[in-house]
């Protein structure tokens, strides 16, 4: 795994910039014989697509994916699957001021410090547009582990959290916030609208659950399931935190309160234990326990805001910058399908790794 | 990077079980010509060593490290450095009941589910004893990036946090809790003593700061500095959460409140910008900004407690287990040198990676 | 390095099938700031292009390369460079009989045995068309190590070798055989013509030399320069042998005859030694000595011949197959730019690896 | 796979120098539940052990292996297996002159050029003693693929080859040359004796055959079975050439002469085809065909000879060196168990890789 490639056995490599002609992913190590066409991938891209509501960036991209290799007669062949998405709505002129001033919180200064110069159009490689390639790859990962269901939602925006008691899975796809609590969704509508209108932005917490992961997947020590999930999620733009199960809350508990007791499972469950709690988020010692895998991811607010912020330019001279381009008032919202994709990609990889070693 | 190896260019591989004859690490890719002897490693192992206060496990291990290869005439040769630490104080009989019942929260059930059987003596490979090998490897990593200072401390135990206003770096090594707040240290003494006496356990939050990391280290997209740090820390036993900079708190902020404005730096700082805040924890777009890198890690409470917990055995039959063996009432405490080691190991790897690509 | 990716720090991933819409490569880890446009790549592709003489396959492909990412303002940005070449002249119907019978010597049976089915159009992923992607990536590798000159030629066709005494570098690009011996080139014209007309095929030996490689590149033990070159060349279609320096001939020598004595080098050469011989092919202990790196690669004859050969089909039933499609009577010829590309790719990777560890 | 680690899923890392306290290997990714003790490894080390006849180095090493981790109750646990072999008979004074003059053909100069200095005692890390660690790891690899039989022998010494018509498998272990032709063995006795007495050395060709490899193992394109075998064998000390199947001889053949026709296999063979020839060495398109895998490896003569050779020292001053230390007159002989080990290690890795992707 290196640089722009993720995974050990089921691997994907992404490429492309915000304002280049296209972006894409190469998925390598996919098992053969899996039915696959663009129709299996497009719905996930549509879920992530910009411009679908007023709460996301107004850049209009069809994000139509093409499969360029690795599929024959409608099935994967076991050879690399090349996925390409053309960029359509790049307006390079919007970003001309970014060339002259580093946007604080963005990768502008850091890229220049590393590489000596940068593609400043829309953030170049550091743009969240790259996540479209991940979502496309993630759609294939889902097909590799069809027994698993990966489901994410927004748990909080700008510090306003859902009420767990009001959690309703059916609501998640019924509002533009992927929000399982109808009351919170309605509050967020005002909150995000306000941020959008004032040129401000908001952070968010995304929760994700993967069910159907069999006990035994995962691999100690440096390929631990939690470690891989953390790397995967932390590689997403704007993510600054990740916790598995109770995470930081567990650090405040006693051993008794944090225990996940076990009982013999019902015969029809195949002999696995019944767990009485899931503080550990379905992973013990880096290996899945068979419980749902649960995690939460913190997205910082978009750094692009209308309020001028002190900064410097590549020439080292002081200036200020106010970002007027099209962007998401809350990037966390569109992070939902991206977190799902990354979790699916880790699980597909871990499934194959487990099969390699343990048959 | 796979399984029991971590890193891309500066890599280490660990081996060994809690109750085997020894444990160790092989460090590969270390630059040549670095002065190195056991005396450079031992102090860090001593910092992590069990049995140094009543607040840690009473297992008595000298944890004396031997360098078996890769050093000649007192300097690293560029070839693999093999480190070995003998296990001395294994009392296998203490763990006989573990063979018959899975300890909830431990890796017992998951290892059996994965591998079909397990070395149940002291947790085998899943024991926190393995972290001694990391600390030894981390001591070498520090020498690879001597311009960097990595420093960790305990920020909270059992939900009782330090007062940031009372932070005193000089205190950290003056108490058995690596606590920078003398008042908190004194509260924790009672707290941990109580947990120890009642056979309970407590979670903890560890904070870590790395200063001296030059702008430019780190590598988008799947070798992002935050992603590597997350993977590294999440691979430590009992860790369930990691955040960079403000982490989860940033998710509740607006873009304005989360901004890290920049000004032209003082000439004597070499031309880098002066940052007016560090919400991002010193990393933007996965690349170091030159600010201190800051992160926080959540350790769950040790799952070994005296209170009997419902569980099952390898035979699937219901039972209960109460863990009487020697263990830490708060594993987070001894996690301090381990977090430091993992952060140093990531930074050494990123330093070499950066040099590879950007000269 | 795994499956369809090659390299450790300077890495490339290829994708695409003979009869898919396109093929390509993603080059990752390229240093930033290198001037790069399609014009730097196209000449090497033209050198490999089919249909340029009657001695190669008559498939007509422009092999026009597009750079889809990783370049801004004419320079590499340090992010992944995506290269795409569209397939234009696929005649799928030519290959319909291949679906029903395994071509001996081709990957047909092995792919079916591995994957359960295969893309039989033109050999699918196992087609030598994939090497176009390598040549494109190799053109970038050359720019990463501009101090190095990589040069290959055909040394023998069908067992008829050049006369080393007649070696003339200037001849290599003057004939369709990349032959440095004008007399051999004229003999090969008849030889290959005969094979082509009779529907037969011929093997070839390619020699390659890399000059300008500084002493010190290479990395013991499992990234030895010879080991990487062997892996790289052996991954090329139809290659069945590789030797470094004197190779198999050295196995028949005594230690005295095989010695590469050294003398102090002339001051103007920068203090490196002068070597009096180069049996070792410029590599000792896996590390470059500063001498030219020399190697030879054996290409088997194309397995596609007009003479019917006994075989079976996917149904297990006996049949015979005679291959009438368009193909090279001697694949080794077009192997010349491919060997050059693979050697350049290894050297670029080793250059960056060396810089990582040894500064 | 990097530096001192080999393999993708079944991986091993070696460490240690000729004159350090010990050397070893860490085997990672081994499937759990395999019966393993030192007794499974020691016979292979004994086969490679120095000092067993007058035709090998007179260094006396028991090469007793210890398993330090990864085995419990006599079975592999799935966690890393640490193997250690102590060095007993290091006579460092023998090598003092090597500090002052580079031995041509050895890694001395190249290591200094790379690392700035070197462990000159017995060649340090570049010594063939490192291969003991490979042989130990290879013994475990054999247990991972018990259906496979890997068998190597010496095919030629100093250019004097066996007569294929006299090949007798039973002879291989009956003479100190691993020679399957009793007449050649007797000639080699004189040949090697003469080289030994005169302080000269001889090259050798080793042949190796792996039977029982099922069709389907191997993975295009850069993990091709031939590519992995080439990398593995070329990483062995003194190896300068590798060919699969007919190798370089195939380059002189026509397509007709090189064909491997197929017929329907006998029902009792499980439906696989019967092959009428094996020019390809059991690999097509990088994937095993089910035929025996055959390869040949060229070992150069030991560079350590009594005849003084011109050279320079680290100070750049001209001198000569004659190597008087203990060494093999023909390193190829003891290369037999090493080639076997490397082939077994590749096959174990490929077996697990195949299982990962193709179930």
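By letter and in written order, the chains are A, B, C and D; residue numbering begins at 1 in each of them.
Here is the rule we go by: a residue touches a chain if its C-beta (ideal position, glycine included) is under 8 Å from a C-beta of that chain, and two chains touch if they have at least 3 such contacts.
Nothing here was measured: the structure is a model prediction, and the numbers come from that model.
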item: Greatest separation from chain C - chain, by CA centre; value: B
item: Pair joined by more contacting C-beta pairs (A-B or A-C); value: A-B
item: Mean-CA-position distance for chain D and chain A (Å); value: 45
item: For chain A paired with chain B, centre-to-centre distance based on mean C-alpha positions, whole Å; value: 26
item: Inter-chain centre distance, chain A versus chain C - centres from mean C-alpha coordinates, in Å; value: 39
item: Multi-chain contact sites of chain A, meaning residues that touch two or more partners; value: 2-5, 8-9, 14, 29, 32, 78-79, 114-116, 125, 220, 358
item: Residues of chain D defined as touching chain C within the complex; value: 1-6, 8, 14, 102, 104-111, 113-116, 125-126, 130, 156, 158-159, 195, 200-205, 214-224, 226-235, 237, 239-248, 250-264, 271-273, 276, 279-281, 283-290, 296, 298-305, 307, 309-312, 316-318, 332, 354, 358
item: Touching residues (chain side chain A, partner chain D) in the complex; value: 9, 29-32, 78-79, 220, 352-353, 355-359
item: Of all residues in chain D, those that touch chain B in their complex; value: 2-5, 8-9, 11, 13-17, 20-24, 26, 28-29, 32-33, 66, 68-70, 72-73, 75, 77-82, 114-119, 121, 124-125
